[in-house]
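A short worksheet on the structure shown next.
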Amino acid sequence: MKRYQFAANSWAEVHEMERGDKIILIPLGSTEQEGIHLPIGVDTYVAEAIAQAVAKETDCLIGPTLPVGYSEWFLEFPGTISLKIETLTQVLREYISSLTHHGFKKFIFVNGHSGNSSAVDVVSREFIMSHEVQIAMVEIWKIANSLAKDIPKLKENVFKHAGELMTSVMLYLHPDTVDMKRAKVEYVKSNKPHFTVKSTLGPAEFKGVEITLYDKAKGLTESGIMGDPLSATAEKGKIIVNTITSYLIEMVNNF
Amino acid sequence: MKRYQFAANSWAEVHEMERGDKIILIPLGSTEQEGIHLPIGVDTYVAEAIAQAVAKETDCLIGPTLPVGYSEWFLEFPGTISLKIETLTQVLREYISSLTHHGFKKFIFVNGHSGNSSAVDVVSREFIMSHEVQIAMVEIWKIANSLAKDIPKLKENVFKHAGELMTSVMLYLHPDTVDMKRAKVEYVKSNKPHFTVKSTLGPAEFKGVEITLYDKAKGLTESGIMGDPLSATAEKGKIIVNTITSYLIEMVNNF
Amino acid sequence: MKRYQFAANSWAEVHEMERGDKIILIPLGSTEQEGIHLPIGVDTYVAEAIAQAVAKETDCLIGPTLPVGYSEWFLEFPGTISLKIETLTQVLREYISSLTHHGFKKFIFVNGHSGNSSAVDVVSREFIMSHEVQIAMVEIWKIANSLAKDIPKLKENVFKHAGELMTSVMLYLHPDTVDMKRAKVEYVKSNKPHFTVKSTLGPAEFKGVEITLYDKAKGLTESGIMGDPLSATAEKGKIIVNTITSYLIEMVNNF
Amino acid sequence: MKRYQFAANSWAEVHEMERGDKIILIPLGSTEQEGIHLPIGVDTYVAEAIAQAVAKETDCLIGPTLPVGYSEWFLEFPGTISLKIETLTQVLREYISSLTHHGFKKFIFVNGHSGNSSAVDVVSREFIMSHEVQIAMVEIWKIANSLAKDIPKLKENVFKHAGELMTSVMLYLHPDTVDMKRAKVEYVKSNKPHFTVKSTLGPAEFKGVEITLYDKAKGLTESGIMGDPLSATAEKGKIIVNTITSYLIEMVNNF
Amino acid sequence: MKRYQFAANSWAEVHEMERGDKIILIPLGSTEQEGIHLPIGVDTYVAEAIAQAVAKETDCLIGPTLPVGYSEWFLEFPGTISLKIETLTQVLREYISSLTHHGFKKFIFVNGHSGNSSAVDVVSREFIMSHEVQIAMVEIWKIANSLAKDIPKLKENVFKHAGELMTSVMLYLHPDTVDMKRAKVEYVKSNKPHFTVKSTLGPAEFKGVEITLYDKAKGLTESGIMGDPLSATAEKGKIIVNTITSYLIEMVNNF
Amino acid sequence: MKRYQFAANSWAEVHEMERGDKIILIPLGSTEQEGIHLPIGVDTYVAEAIAQAVAKETDCLIGPTLPVGYSEWFLEFPGTISLKIETLTQVLREYISSLTHHGFKKFIFVNGHSGNSSAVDVVSREFIMSHEVQIAMVEIWKIANSLAKDIPKLKENVFKHAGELMTSVMLYLHPDTVDMKRAKVEYVKSNKPHFTVKSTLGPAEFKGVEITLYDKAKGLTESGIMGDPLSATAEKGKIIVNTITSYLIEMVNNF
């Protein structure tokens, strides 16, 4: 049990830390459908793995991981466990409130699930206004999306839900949870002509302009895959994880 | 009082409508700082003006405008009135619940303030899962941002808070509320080296990759301006408004 | 856009005001059935019109109008949009909280809908106990009711929902939204013998003594009219509006 | 322990009742300042006494009394215990929900404290819309106020907080809790010229027209008395209680 | 009306007390099934009776009794009225908040219903952390259970819901509410082999080890009795009440 | 990643399960002071380890672990992270709601922290009344307490917070997180004469009878230890863990 795990320290050890200087990484995951071939814990696994990789090389602590996020629109898919956004927001509020009560002042949410982001936004804005704290959020898959362009071997150079990037990362981190026999290429498709859907969260386009179109997830995707997982490999996954990790180590050191 | 205003109809007239087919446009504004030279009601004025322009040319109704949104991070600036996000979410929930109770099934939020978007997201996802409804959201300034590239005269071809686009639109719609003598060029600036901030909402970059960095708005901008309003003109505003309106009329007709 | 509109001022202009002395008028409306011949926005239209007429002659500001109030018991009538009372209370709490945060200390709710009153009561009592503020509420239709006795031409010298006073006011303010062809005389009628009902809100009498009897609105009135709108005229409406306005100007000057 | 007390029945006895026909009287009290000479439990004592007197002569049941209501504006006076209005509303909601779950359909709130009324209103309207129930509320002091005109001996023929009527009723019901040596005449007085205040709840007048003016209770009354308790007698109290009781028995029999 | 009743004092008398030293006993009851032969108000009656007996011999005050608690799992039995635990918690929070606002610092909850205990726990912990107060809770039936071993005549020397102890106490306090003709012996029985159930609240055993097994109350008991009420007598009840009272007087004097 | 982890399955695999028969173990932990020599994650580590040991030998699934519980009274000790009990209750409600939505019907909470129990109670009672489900809770340390009597080598044959049992278990499971150099013997001590305190949660005794006495944790214990950890060994820990595991495997098989 490594000491970069917040939970691995005694209260006395926490007491003796330079709490005002310590950065706490807070992994946020989800339990939701991640395509027919990937485990429902993908976001949690990845947020934790990245946080650990970063903590190993820096002086950060990793706070307790929240494995259930806001994924209400995926409840049609068996296995999805979701909090309401109000509940997640309240959980984050009390989590940060406890830590600021102890004198911690620097927090970076390591967020594996974009559905959680608006709750993080709300709570972070509250605390920067009411306390002398510094807060950032990094969204793993957004970073993967940004960095993918510079990784030569990738076929999909943007992030797609359950596509090449996510599948590669899981083949690297937890290959035993990936069922490549079920993997297939599928893209979200709007049932409205002239509208293009970009994900099940709402982002869509009409005539090339970004609008938001709310649709039942099951109506947009059958398998839950919204990209091309077939070219995924563990080796690519390793490169992606390492690229993200290196990036975050540098970011953390400049925070 | 035009009949495209929902509120201008009697209950009997509502009763006699083809309620299942009618699209209701729901203008969402804000009351918040919009730069030192623009009125705090900008988002509300613009959402209403656009909704009316669209309604005039289509068969939509315009629901009651919500003039106060989620703008908590701007409370440092005098005049800002903000709901908590949970309150705004609940207001939207009860608004849509009332309308679905009466048999309406098609809603388009005409959102003038991006801070409101996550509340719209949450409520819309709830209703598409629990009711047979169609819901979309258009964010005025996001559309302006997308369409700006195609408007030749503009100096800023992306949307900046209180910059050329917003100022031009206000010079066109409500010139008496604009004080160009106070206008000046200012950009948000992070107080952390190596980090670039994109708005007061959190979007930021570290080494060209998008992350989120929460900062007090007053620490990022002095005037509330985050762009260049100096080249704004009423004429450009008219073009922008008309471009957005034409776009939305087409979108509404395809919804 | 007149500067007595709070929203028409920039944050800098708000900053430069004598905020502690400024009275803010807060128009509260509703979106609810107002009789078969009147638009569902009556209360909002009237609260706004009165607030503007008062602001023109005084030094008050008009805060953003809330067009949706607490009208749950009218949800049987198509078009009614209602907040729960807890939600409305919370909205008002955050509205006043934002304004007191900026140093405003004087508020007058200009309330067009009596269903909103208990929420105003609760929030006002909270703020006078926790802040150095002055708060009043004027209920437009209650004032109309009081003043009607002194207006010679009126047939109904008390206020009745959708009756002579309300209809006259709307014929004066927004004649295009009134459908006099549908107007007719109807009074609320209890389905319990020996009980007299006074409105759909509950007020009733048994043997001349005031009690409260809760009934479905649809069981008490078919058209939503609870008085005699047939003798209404725009001219009477003008007198009523002017009488209320004069009264309020004097009240505001003494506040 | 009389069987008209709901709580005095076993679950089996409740089960065997004609639950759909039974009227349940629900006494609502308060714990708040009631003038310097009267006990803080006045409203509870009176609501219970009246409910019992009515139940003895009719076939009603008396539900559990709620002795703490909404009295927030009296918290400046020692001894006042208050719920927030949202909490009281929720308590009433769950109370009625439990009873309707068991098949009860007729409820009369016997309300000793006008501060509770808006919570009763809200919950009653909800249940008449969602269930096949009949609900009424009687406000003890409002009834006293209506009936006082017909009681010859009274000096104050309207109800005043801690005045002749309330003091008389307490001298009759619980004389040991009344300290007439402290009793004195006091009336609420606005600290604003030209405004007349009618109670600490807000009702006020400007130029004879009813408006609402919120003020700290302690600024309006020193002793908590808002009338003339000096002419109160137990004998008058007996007449008042009997008059109210007779009235309510008749009302209940017609409900 | 004895002055040990908090509600029997005027605000002035409360003001003149040594509020910081005064212990306030807060009786908590319930309205729930208590076996087929006992009234649904048992817990309230007993908490009040004990609190009064203690107050008579000490210098304590008795705060308003809460007659409705958390009994949701008994809603299958007619007559049960229950708050949600969140509502009860909030009621207790506001109750104690009002009293600490007035300077009271010592509270003992006299709790007749174990379902209420977790709400008392939560609120008490909050207040000891945020205020300089002393708080204890005594659970009547737990004390009866502890003391029963030393009362020679009892057949059941532990407390059983609606068994000998509770029935005896009610035969002593309110014999007119007890229907011994319906009394019979019944014990809760799990419908799972190898599991033993101890009450309808959840406590159970598997192989002699304590676990919690949630079951519908109606599936565990038909009559609501979970012991042997047949040997109950008023005389035993008197001894039990006196034993508890003597114990609590001593405890209060040492608090 | 073993397939007994719920999160390790894809939505399709969850879909193909016999969901109605599957038992889901839900580990509940805490992040709170656990004595000066033990890590703040003890309850989470142990709940997870036990759940895994049980799942390996049975057909259960392990749902996502909740690592933050209700520990508000320990917030004085650095490192404690606590939810409010209402928040934890809501989290559990939405967790179980998601799973019952997918057709799961059997849940066993594997609870490492007694502070969480009342939230589990509330939610479990709700779901057994509204759904056809079976729910149990096992509290690890209560089971350890029951079974300790039969483990010959133990010096403390009851469970004490941070005492021999807990320390032994941690020496076995995560020795690197235990700092035996800081371990020492300490017992909770009431600062009231004649009262004996049993834990920081409230349980106490006066004259041998169980009552509840709320005290600040820091006033009762300096080190957070409430027993004797000095005789703890990894070997004893192994026996304890295996004894609990064997017991639970049998219990699960009989559920």
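Order of writing sets the chain letters: A, B, C, D, E and F. Residues in each chain are counted from 1.
Please note the rule applied: a residue touches a chain if its C-beta (ideal position, glycine included) is under 8 Å from a C-beta of that chain, and two chains touch if they have at least 3 such contacts.
What you see is a predicted model, and the numbers here were worked out from it, not measured in a lab.
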item: Pair joined by the larger number of C-beta contacts - A-B, A-F; value: A-F
item: Reference chain D; chain at largest CA-centroid distance; value: A
item: Chain A-chain C separation of Cα centroids, rounded to whole Å; value: 48
item: Chain A-chain F separation of Cα centroids, rounded to whole Å; value: 28
item: Interchain centroid distance [CA atoms averaged], chain C/chain F, Å; value: 56
item: Of all residues in chain B, the ones touching two or more other chains; value: 75
item: Graph class of chain-chain contacts, one of line, ring, star, complete, other; value: ring
item: Chain ring listed from chain A, with chain B in second place; value: A, B, C, D, E, F
item: Sites on chain D touched by chain C in the complex; value: 72-73, 75-76, 85-86, 89, 117-118, 120-122, 124-129, 134-139, 142-143, 146-147, 192-195, 201-202, 204, 206-216, 247, 250-251, 254-255
item: Residues of chain F that touch chain A when the two form their complex; value: 1, 5-15, 19, 31, 33-41, 44-45, 63-68, 75, 77-84, 87, 90-91, 94-95, 98-99, 101-103, 174, 176-177, 179, 182, 224
